[in-house]
Amino acid sequence: MIYPPLPNIPWQERPTTCSDIIWRYDSNPVIPRDLIPSSNSIFNSAVVPFQGKFAGVFRCDNKKREMNLHRGFSEDGIKWNLDNDPIEWDCTDPEIGRYQYRYDPRVVWLEDRYYVTWCNGYHGPTIGIGFTFDFNKFTFLENALLPFNRNGVLFPRKIDGRYFMLSRPSDNGHTPFGDIYLSQSPDLIHWGQHRFVMGVKGGWQSTKIGAGPIPIETSEGWLLFYHGVLTSCNGFVYSFGAALLDLEQPWKVIHRGGPYLLSPQTYYECVGDVPNVAFPCTALYDQPSGRIAIYYGGADTVTALAFAKLDEVLEFVKTTSES
Amino acid sequence: MIYPPLPNIPWQERPTTCSDIIWRYDSNPVIPRDLIPSSNSIFNSAVVPFQGKFAGVFRCDNKKREMNLHRGFSEDGIKWNLDNDPIEWDCTDPEIGRYQYRYDPRVVWLEDRYYVTWCNGYHGPTIGIGFTFDFNKFTFLENALLPFNRNGVLFPRKIDGRYFMLSRPSDNGHTPFGDIYLSQSPDLIHWGQHRFVMGVKGGWQSTKIGAGPIPIETSEGWLLFYHGVLTSCNGFVYSFGAALLDLEQPWKVIHRGGPYLLSPQTYYECVGDVPNVAFPCTALYDQPSGRIAIYYGGADTVTALAFAKLDEVLEFVKTTSES
Amino acid sequence: MIYPPLPNIPWQERPTTCSDIIWRYDSNPVIPRDLIPSSNSIFNSAVVPFQGKFAGVFRCDNKKREMNLHRGFSEDGIKWNLDNDPIEWDCTDPEIGRYQYRYDPRVVWLEDRYYVTWCNGYHGPTIGIGFTFDFNKFTFLENALLPFNRNGVLFPRKIDGRYFMLSRPSDNGHTPFGDIYLSQSPDLIHWGQHRFVMGVKGGWQSTKIGAGPIPIETSEGWLLFYHGVLTSCNGFVYSFGAALLDLEQPWKVIHRGGPYLLSPQTYYECVGDVPNVAFPCTALYDQPSGRIAIYYGGADTVTALAFAKLDEVLEFVKTTSES
Amino acid sequence: MIYPPLPNIPWQERPTTCSDIIWRYDSNPVIPRDLIPSSNSIFNSAVVPFQGKFAGVFRCDNKKREMNLHRGFSEDGIKWNLDNDPIEWDCTDPEIGRYQYRYDPRVVWLEDRYYVTWCNGYHGPTIGIGFTFDFNKFTFLENALLPFNRNGVLFPRKIDGRYFMLSRPSDNGHTPFGDIYLSQSPDLIHWGQHRFVMGVKGGWQSTKIGAGPIPIETSEGWLLFYHGVLTSCNGFVYSFGAALLDLEQPWKVIHRGGPYLLSPQTYYECVGDVPNVAFPCTALYDQPSGRIAIYYGGADTVTALAFAKLDEVLEFVKTTSES
Amino acid sequence: MIYPPLPNIPWQERPTTCSDIIWRYDSNPVIPRDLIPSSNSIFNSAVVPFQGKFAGVFRCDNKKREMNLHRGFSEDGIKWNLDNDPIEWDCTDPEIGRYQYRYDPRVVWLEDRYYVTWCNGYHGPTIGIGFTFDFNKFTFLENALLPFNRNGVLFPRKIDGRYFMLSRPSDNGHTPFGDIYLSQSPDLIHWGQHRFVMGVKGGWQSTKIGAGPIPIETSEGWLLFYHGVLTSCNGFVYSFGAALLDLEQPWKVIHRGGPYLLSPQTYYECVGDVPNVAFPCTALYDQPSGRIAIYYGGADTVTALAFAKLDEVLEFVKTTSES
Amino acid sequence: MIYPPLPNIPWQERPTTCSDIIWRYDSNPVIPRDLIPSSNSIFNSAVVPFQGKFAGVFRCDNKKREMNLHRGFSEDGIKWNLDNDPIEWDCTDPEIGRYQYRYDPRVVWLEDRYYVTWCNGYHGPTIGIGFTFDFNKFTFLENALLPFNRNGVLFPRKIDGRYFMLSRPSDNGHTPFGDIYLSQSPDLIHWGQHRFVMGVKGGWQSTKIGAGPIPIETSEGWLLFYHGVLTSCNGFVYSFGAALLDLEQPWKVIHRGGPYLLSPQTYYECVGDVPNVAFPCTALYDQPSGRIAIYYGGADTVTALAFAKLDEVLEFVKTTSES
């Protein structure tokens, strides 16, 4: 898969004092909790290149603490304008179109349009799928899966003629378990041939895991950033790491990095509505330079940015992988 | 839908002292826990008419307390011969074909063969679908849905060109919640257009509910027997009742009977591996006479039989329905 | 306090093989679960002498498993006729008069009428108070206390010009804790001067306790039968014992019997909707003979009867009391 | 009700950059955790105008983490002097006078004296009522209600000849549920005619709610500030909002503001002994200017101050109210 | 190890209709719950050959539901006389000698005397060790291990100069987990060199396991009967099975039988204070005939007896063992 | 016991504005979370005087969040060099030598060498014991106790010919309970004569407690610093205080200070991987000056330092002790 170049990808070089694979933007958070008047918090949001600039679908919790999706645009991927009102989704069937809650979106360019997936409330959390051609009109397609599911992430192209989606089935609450599965579809409506991809391991990813940004295709496999959760003796800690999935049978894990790549350590990751959360939903990628810009939520309150280089991440995943 | 006559349906008339809509077979349980040498218990099992007699797929827990499916045949639906070894399922993909656990089967004649659905262990409980033409060779198709799901029940015919299945998504344990949903499929492999059917209510069905036998088509709607669970101050009680679903849009509930039809009150329903359980998985139906014979598990230990008449059940559902 | 003689109190002499303080009626249960067509179970019910015979308010759970109160009459206290429909309560204020649920009644003759207390659903379980002069017309007064409360039991006379009521505040579920308190009132509407009476102890009464029948006045104090709950390694066990409360300051415990008086040991106490429950709500008392007849619920399913003699119970309470 | 003018109410104008209904004092916290040598923390405290200045009853947890009430005085409502030792309460009945724990006080001028209500330990948390004429001698009256209760808040005048009190019955632990009820009394000792006022809703007030400061009488109803709690995927968040109650029947909610008015967002609200808590106990009100000064606890550690104007709050409650 | 012949071992031949490895005594229970006046229940008890007859230490819960140990004698191992009062233990150190609770004893002849181990309350459940030479005087030695532990079972001889004991460390409640460990001692006072023996597996032994009777030495290893617990969707089920441990390094499991040998299926195993429990504490063994008589608790209420033959049990363990 | 003088103990005088018994180092934390490349966090670590300087065993969690022990050296006890790789332990028995996890070390000079105890993973957390003569070669001895145990702390000399160790038995998770016990040993391998030392009390130490640094011998008893945990309405708070144990029978508590000595109040104690933790593992002591330097973990993330004087601590413990 040839990725269009993204020369204006947000970017800072790694500080010379830093030897980490992923490093933070020095003016984080890029989106404060109160960027728009209605918002309590803005985090776990999805960004894509759009018409030479950037567009996105943003999780904004309002001051009732209702969770919804808002549209935003940016010249540089750092300074954002967001609509104060949530996206309205066209939907012909009111049974499924009714708003209950919507959160944690991902956006992907797939064939001819931008598809959005998110955690959609329909008698429980499940994976809603919608699309837009222009970030102006948004259409709701269907709930891809039954409740109770979260972190639905589409692959950016068909594989062997079928659409693929990762998800994290779990339960109806603030669940203390969850592994990553993959489902396949001929039409983005009906899904089957479900396969287990990977489960929790010890340490930072011992409680639950979930796919993060849209996987990036590389010659060595699909690069998947994913979050993992550890239950400390006083709450959860959400970090994120990476794995490589087989190109043709992406439910097969080729390599899985041992350590986390980024864990909550700064004030804006440790203090906020949900302490100790770093939760990635977007990885912009500039193929020519190998640059990656990751948008992630901090403390379920703000949106932050971190940077990496593809070859270093791949090297990290491979060298720290335990069979 | 014309049901083939079933003149040899197991049957006893209602005792004259009884005014209940459903009454028990007077020699219950029909299948004891130790019918075969390997079994700890035989319950929550599925029966169909077969070649003028009866065949079935039976949940047998062995003495390791592994849960599996066994084949059985009967002349009269009451006296059963079961294989001592579990059914072996043909499956081309070892990833999904491996046995983890299988339980609570339903069987339905659909188009050209018998389809079996059951709760299938694949990194958690989900709905396995398989089929047999002859009760000799059994083929495993796919897991229809992602975990965590139970009580997958197919409709006995396509509706509007699609297959329909009820299920009860929930979590990975002995879950204290669960409602009934419906999913649609063009091919029995990929499922979508999921719709909420009905949820818990007060009283006997206040903790969780799940579809029981294959729905029976009537001129007034699909007759669905379903179990409901109450959490007492000392454990669960599993009873069952009935509802009527719309013929064309079966996620719409037309009537839902208020009281239970049968609750655990006999020794074999109250005492056993799981006290206080009456759990129906089969409803044989003889259209000419209106007779219904329900097979249900008692105390998760034995298989029992109860009888009803279609018109009386419909009347009950309609007159006790609360909008 | 002079109790009117009750020569027709239900009675059987203690079997010669029995040395227990309390012994069971040999034809228990006296009220089966299905005495009336609508009932799933009849238990935890209150009986009083009435016009030379007996009347009562009965907890009947119907086949929806709704909990409500029914009226009943008996010639001999053993063979009962119950109304198939629940009592309708006159109430001028619809805000509190609406039925949510009603269970576990106690009835007491107090001054000029029969007062009924029960666990009344009003945004949670609390203590409803009503009265009847004639067991024909029933009037709902008020909820005496805020939720979450159960086992409200009135004293049979004013003490020092005030009404007294025992109750067991706890939480909104099938709660694993609860002690007995006492409240005082000038008018049966407003309650205050709440005092702690007694809490859980080890063994059979280690999880929660609650007052049972109306206390019986004796020269040595108020005799209180009360239930206690033990959490075994597989559920709760409800037994009952007795204590003596100070006549003038009944929140002061004079003696508290160490062992239980009756624990669930028979089939109808061990097997039913809630296994292992013996729960007393009534103690009829014939002062001349010292006979006591206790009505108690078995397994939250049926109503049973047991007998005792006042002097033996007092002796038991005093000799087994631990300071 | 005519409120005496309070020209020296603590006050800062809303910052020009702020468009919120409620804004914080710019030198928060006004009371640090270690204002007195014995204190671990000082928060959830009650302030009243007193002799042209201010007096208050303060929750101080000492370094054993015992919870108690201390007296304090201030010239300006901002700079406080607190006694290092707790208030001693006169009480004639040692049964109820013994200290177990005391926290979260409210103070109100009612008829002829200052009444104090607080969460009082008496075999569980309940609502203690006491009074003082002069902030010198403090008398304990009674526990108004049975355990388990918290957040007892008196109305500042009788209504229809009776005293009114809001409270939040719940259970004996750090309870995950709780709604607001109202009780009525002829004498502040005996309480009855309990009415449900309002329960949890979605979002910021989805887990439990509780009354905050003494309600402020306005021509449109009683203005009630109250806290609400959301359970995030990593702990609780305590915010506060407002509602309008009927003047004559204050258990009837006329309007209930949708969003919160203030949620924990600053360091002193997010970091401390209990992260993410903003908990109001006092609202001073200057009727002529419409100014309101709210004292609230930050992170269960310090006391902070925020400001609002009555007309703006009323407008907010009305315009954001959902029927 | 040469076992003294035990020709009067309680015995019944296997019924001809039975093909199980272990079969029940046809007059079970051998000890009813009320054998002695003080007892609520008698179960989980230990029996040894004594002076040509039988003696035992019995768990008797009294009617306060206090758990204690009583002495008993029997001519034939079936008809028992038990002391109505508990054993008094000589102990020089009152700090550890105080009674809190004692239950689930095992007795073994070791070197020169009978050692008793039991679950002993000392600020939590742990393993008490005592001894008797004559079943007349009983001496308490020490608590072998720290809380929280249960099911301490000594080996009947030293191995390599050291004493060995199995135990099941767990927590302070009705714990849902627990594996079997082994500890070693030079003096029965100090224990160390702790080794993990075996943990839970699927099915009947998936929640927790614990050693049962004193292991029986055979040429193929130590034969260990042990109980296993399954968590059903409505409570626990306690069954028992067997394993073979290495003779010299008994923390090494040579074979572990797959299915249970006996699960609760009779009334006296399914109904009682704790439903669905079969819990073995003694296995008498007659080496010449190979007969084994197992005493086990039924429903934590009564004591029952079952029979087996050593060679058949060994064969079972070996043939059903999964590596 | 004569302590060798420690003139170079890290030290700062108490700030003049501070009246606390214990005061913090003004440049805390002394060890940041990322001192070595592999570390996620460094905390709960043990320091001893070594060859005129300082050596230590440090808990370092790596970026997989594996917990292990690292060696470190320091000239001044403040600026530390730590090995990037964990300590390798010599162990002849691979059954117990395998690494599962190691954390929360204590180090003590005892007789002829440095003994290290730590929480060691062996089928659950227990107390591992090892030793080193030179901080170069480290030898693993044995697990002293069965799981589930933590906070094993040796006394610095034999008492009455036996080794003594404090520990905190509990369960297998992030346990909400735990008291301090003492065990005795002739050889550091086998442990017995277990005695209860002290349990939880109200307030800051109401959930669980555990021994901290090696006890310091004084003429008035063993001075034990220990941590205590309070369960707030939003998580745990770990503080620490002190007690005096009897010199000869150290399971007897002579005095126990009422308030905590230090609770989490600074940013590095309140914010980090585990909010609100101050956890001491080392108390260096210079006998001539009476100076004490306490190393404690902050927020389970960094290592901090605090100071005290022995006489002041003793005075505090005695004067605030409640019998």
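Think of it as A, B, C, D, E and F in the order they're written, each chain with its own count starting at 1.
Keep this in mind: a contact is a pair of C-beta atoms (placed from the backbone, for glycine too) under 8 Å apart; a residue touches a chain by one contact, two chains touch by 3 or more.
The shown structure was predicted, so the numbers you read here are calculated from the model rather than taken from an experiment.
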item: Centroid comparison with subunit D (C-alpha atoms), farthest chain; value: E
item: Numbering shared by both copies at the subunit E-subunit C contact, with half separating same from different; value: different
item: From the options D-F, A-B or C-E, the pair that copies C-D, where over half of the contact pairs coincide; value: A-B
item: Label of the chain whose CA centroid is most distant from the centroid of subunit C; value: A
item: Computed distance of Cα centres, subunit F from subunit E, in Å; value: 40
item: Chain centre separation (subunit D, subunit E; CA means) in Å; value: 59
item: Shared interface positions of subunit F, touching two or more other chains; value: 235, 271, 275-276
item: Chain contact graph, described as a line, ring, star, complete graph or other shape; value: other
item: All chain pairs that touch each other; value: A-B, A-D, A-F, B-C, B-E, C-D, C-E, D-F, E-F
item: Of subunit B, residues touching subunit E in the complex; value: 33, 37, 40, 62-66, 174, 235-236, 271-277, 300
item: Residues of subunit E defined as touching subunit B within the complex; value: 19, 202-204, 206, 230-235, 237, 258-260, 263, 265, 267, 270-271, 275-276
item: Subunit A residues touching subunit B - in the complex, by the definition given at the top; value: 95-96, 122-124, 126, 142-149, 167, 169-172, 175, 177, 179, 181, 183-187, 189-196, 199
